[in-house]
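In what follows, chain A forms one complex with chain B and a second complex with chain C.
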Partner chain A sequence: MQMTEFKPKIVAFCCNWCSYAGADLAGNNRLNYPAEVKIIRVPCSCRVNPMFILRAFQRGADGVILCGCHPGDCHYTSGNYYTRRRMALLFSMLNFLGIEKERTRVEWVSAAEGAKFAATMNDFVAQITALGENKRLEDLRCKK
Partner chain B sequence: MQRIGVFVCHCGTNIAGTVDVKAVAEALRYEPGVVISTEYQYMCSQAGQDMIHEAIRENNLTGIVVCSCSPRMHEATFRKTAQSAGLNPYMVEIANIREQCSWVHKDMEIGTEKAIILGRAAIAKVNLNAPLTPGETPVTKRALVIGGGIAGIQTALDIADAGFPVDIVETKPTIGGKMAQLDKTFPTLDCAACILTPKMVEAAQHENIRILSYSEVQDIKGFVGNFTVQIKKKARYVKEDICTGCGLCTEKCPQKKVPNEFNLEMDNRRAIYIPFAQAVPKVATIDPNYCTMLKTGKCGVCAKVCTAKAIDYTQKDEIMEEKYGAIVAATGFNPISMKPFDEYAYSQSKDVITSLEFERLMNAAGPTGGKLLRPSDGKHPHTIVFVQCVGSRCSAHASKGKEYCSKICCMYTAKHAMLTRDKYPDTDVYVFYIDVRTPGKNFDEFYRRAVEEYGVHYVKGMVGKVSPEGDKLMVQASDLLADKQLHIEADLVVLAAAIEPDMSARPLATMLTASMDTNDFFTEAHPKLRPVESPTAGVFLSGACQGPKDIPETVSQAGAAAAKVIGLLAKDKLKGNPCVAGSDEWMCNGCSSCERVCPYGAITYVTKEFRMPDRTTALRRVAQVNEAVCQGCGACTVACPSGAMDLKGFASSQIMAEVDAICK
Partner chain C sequence: MQKVTREILLAKAAELLAAGTVNRVLGWKAGEFTYDVTPALFTTAAELEKDFVYGPFSGANFSKYLVKETRRDEGKVLVFLKPCDTYSFNQLLTEHRFDRERVYAVGIPCDGMADIQRIKDQAGDGVSGVECDGDNLIVHTLYDGDKTLAMADCLAERCVNCKSKKHVAYDELIGETGDVIDSHRFDEVEKLEKMTEDERFAFWQNELSRCIRCNACRDVCPACTCEKCVFGNPNSGVENKAISDSFEEKMFHVIRAFHVAGRCTDCGECSRVCPQNIPLHLLNRKFIRDIDNFYDEYQAGAEVGQRAPLVNYKQEDLEPSEAVERSGNNA
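Our next item is the complex of A and B:
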């Protein structure tokens, strides 16, 4: 019997001003990307607590991507700089926690970059699919 | 427990084409808190909105989830619907199943499955929503314009004409700024003074404008609608209200050797001076660094000759505190220092000058009375070399100069070249350029006239070195188009120095908590859609403090900034965004982490008395968010080590509930 195809669970945090609008633009232009990607809207990428990312992994996410405005374009002027530093720190610890660093990513997607959004998501899903299921950090108690 | 209504929209076939909306509505009916789940063709239509309205009333809903298009599209619509039915508008969440689902997926099964998950996440979030009310703050109906150049004057005039009082704070003894120093203006060649001075007078005479010249902003506190500003009125040792500006004192003052900054130190003024004939306010000012009376107590000539008895050697700096609703930064620009560019021999020869100095030399009110004479020997120059882009468009790795284009130099150099050839047809004029940039109305026509009608020699290439030899300046340059080296024996070299923001901009930005770019230009709230507003609410930008600009652009930006200020001051109360940060005072440990990351300065610390067990009290330092200033980015929520800081509308618990719902 053949195994069912692996469908990763992917959480994408998108800032309201650039990346969420970029995702909307991808939709307007009907640019396909895998349905495994589910977007959570946050006001700014700097709203994303590293805890949210760990929580997602704990609850069984296979990949988490964080999208914000390009450096220098943040609606709140400096939010994405905080994001960049915080995530650099978090990502540097992931291997230690037993999670492949490649399961996370920070991307800058502007409101005008619908195509980049779709391409990024296609690429990220392919990367996560290749990595396979995230088993290490998953909290078994959360499994239904 | 919330009572949630779920409304799934077909959006014609936009959603229903790829998502089985009936199945979605059915699946979401059994989610926690959901009491009603239904679908409709067009939720945003009047009929759809009426349906939501009715459902809220009939089922006593406490929250709704609309599965439809992007919240950027119709969130406001559905919030209004909810409000009309008596529900708090912030109890509405949108699941974006069009742009982020039906439009990007083709398979019905996959689309439906994803739509259900997105709906679940929205339901999980709305379960934790709390009603939010935007805070209201009163607005002080008065504006402060910092900087009295053409940008500041125009902004002040436009605000004042709309009926709001405006104060202009200018550090110099007169308003007028850089434009007052100019001779003619491109591309029409009308004289700068003729178009500027009437505006200066209009500002001075306007009933709604107060000019605080020779004054500086010392401190700014508060937030949009409610700024408190400390202004230092520097002592000018002349009673402003009594001085008639007759100028007798400036003729009699025995201290004659004071470099005249208005003429860029190309001539001298007295220790008591009026910067120029049309100065506003036309009042004398004593320069304390040079006045013998102030320094040694012996002189007093000006007091003796003053018939109005306006001289007051005992005057002191005065600090005043004023309240404003809006602040406009119009601090302007300066040419950069030529010190690092010694290959052009600026420090070695008096005949190497900057364009602004050239402007004064050509000005009828300038040191030479408008005659183009060499600063060194007062002779008429026969060969003039203009060097463009001195300090502009430098490589990021160069140790000197600016990376950006100063924007105005191409045009003013064309103007200088043209005016020179017009007045002195016997003069040879060379212009060395990297590119000639003329993207303005009638700009390219103007430049072409300089080349075609006035016979200015435009040479593509840079000047490598200027060396003074005798009374000549040897200019070594390359002609890139002819691919050869040029050696020109010049009498005068004019450097088109890059422009940079005024030095006062950086400390002002700190006081305003307004952001700046790496070049110290003020950053706008959005480079395209909000170009005259600073990201800091209530702070507006006018003129070259935001980026290099010519006069027409400055004036239009000044008007735009005024329109934004008027829009703000016309409101009696300001409604804020209720999705702001708030700190749990019991959890806050007073570490200041949040205060440090806040880009708006919205967080302050207060010491409060807390009731502790056993009837004791304790003083603790806790964070307090000013809701009128907070923009709701959430940077502080992550910085907070104790978890005391949270963002309303995007609470940690809500985002984690969404994460859980998606990962389930």
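Our next item is the complex of A and C:
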């Protein structure tokens, strides 16, 4: 039997104004980051409902990363401050239920930080690859 | 020992009905068994005399009933509030969920309500009736005669760890109000935090897998007053029926608790009504504890008009990456 190498699925929610532009800059600068990262563009990091994150895991994501503007730089003034509180509580709760804390992350990436975006994604994918498949928040009905 | 009796409450209700202060009363009436006391609406003194009950199982929190009740009728409704209910009352007022002018709130002291499960654990099967006798409960059983249990051994979990005997809202008070108590309500949460990730996962897998998705926890929760619930959406990823995958139960319970985070007053109704005895209050308490740890100490419903922690922020708030460590989870 041939063992296939584990390739994680990563969902990255990126805010339209900073992180998505940061991803664009990473592309323009020909910086490499793994193809396992699937970017979903959201108007603001605060658009991300906790249900989005759980839904991503349900549909087969092995890790979810949420990227937004640096605190203080939100296009809508205060959106990412709310994100910060929500995600702090959500991540702590998921860990309380026994979900590995490494599976979720929030990172602030500005439009000028293409290099940080690529580095963050490389790091996150490496972390999830080391952690292995998402077993604790999987939905067997969604497995192909 | 209960400080208030059925007679005192009946007299108060009859007096207010007769005076025209209120035109209906939210109260308790007996269900099929003595221990499944049900909330009910009474409009006359005669009805009250016939069906109204008050005893160790009159635990229902009436605050949420006011949302519908105050929209129904111009007149005032009389509601009896235990100290923990008054927090939910204030929280709903903060969220403009009911009209304060249409409510006459009577605060009643409370020494804790009984949990039928604890009684059954001690008295065995076939409990046919429970009577209050001072500090004791006389339990009638079908197979084993009468048994006397100390009320203190039959208290519901939320009453053992009562957080406050203080009424934070009322128009009138029967008896005296008490103080906020420095309770041990977070002990159980702390115990879970100290477990390893794997142990916690096993614990919750075991607890949540009993969920039958009856939605009682959602329906009874005074913080869950949305007209439309996310879980009513067929595309929510969680079916509105018995759970067919272990993901769903986690999703449902995490999101249920998250949606009331910062607004949950820790009244403990969710755990009281759970037919499967899932300790749902632990999820809510975890959020309360985290909010206290991460931000400022916050008791939802302590005052009307407070700004809930999740619709507030500070520039120096902690980063989500530090959250797990700060929350005390052993990870």
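Everything below uses one rule, namely that the second predicted complex is superposed on the first by the 140 of 144 C-alpha atoms of A that agree within 3 Å, B and C clash if a C-alpha of one lies under 4 Å from a C-alpha of the other, contacts with A are read in each partner's own complex, and residues count from 1 in each chain.
In this section, contacts are C-beta pairs under 8 Å (C-beta built on N, C-alpha and C of every residue); 3 or more make two chains touch, one makes a residue touch a chain.
Everything numeric here is computed off the predicted structure, so don't read it as measured data.
*Asks:* Looking at A:Asn95, would you say it contacts chain B, chain C, both, or neither? Reply first, second, both or neither.
*Replies:* In the superposition, A:Asn95 contacts chain C only.
*Asks:* Quick check for you: in the superposed arrangement, does A:Arg84 touch first (chain B), second (chain C), both or neither?
*Replies:* second
*Asks:* State whether A:Val11 touches chain B only (first), chain C only (second), both chains, or neither.
*Replies:* A:Val11 sits against chain B, while chain C stays out of touch.
*Asks:* After superposition on the shared chain, which partner residues are touched by A:Pro71: those of chain B (first), chain C (second), both, or neither?
*Replies:* second
*Asks:* Figure out whether A:Arg55 sits in contact with chain B (first) or chain C (second), or with both, or with neither.
*Replies:* Once the two structures are laid over each other on A, A:Arg55 reaches both partners.
*Asks:* Taking the superposition as given, does A:Asn28 touch the first partner, chain B, the second, chain C, both, or neither?
*Replies:* First partner only.
*Asks:* Per the definitions at the top, what is the overlap between the chain A residues touching chain B and those touching chain C?
*Replies:* Overlap of chain B and chain C footprints on chain A: residues 50-51, 55, 72, 78, 82, 86.
*Asks:* Inside the complex, what are the residues of chain C that reach chain A?
*Replies:* 192-193, 197-205, 230, 236-237, 244-245, 247-248, 250-251, 254-255, 257-258, 261, 283, 286-287, 290-291, 294-295, 309-315, 317-324, 326-327, 329, 331
*Asks:* Name, in rising order, each residue of chain A that touches chain C in their complex.
*Replies:* For chain A paired with chain C, touching residues are 50-51, 54-55, 57-58, 71-72, 78, 81-82, 84-101, 104-106, 136-141.
*Asks:* Touching chain A in the complex: which residues of chain B?
*Replies:* It comes out as residues 70-72, 96, 98-101, 103-107, 110-111, 113-114, 117-118, 121, 515, 517, 523, 526-527, 535, 579, 597, 599, 631-635, 637-639, 647, 650, 652, 655-656, 658-660, 662-664.
*Asks:* Name, in rising order, each residue of chain A that touches chain B in their complex.
*Replies:* 9, 11, 20-21, 23-24, 26-28, 30-33, 35, 38-44, 46-52, 55-56, 59-61, 72-73, 75-79, 82, 86, 118, 144
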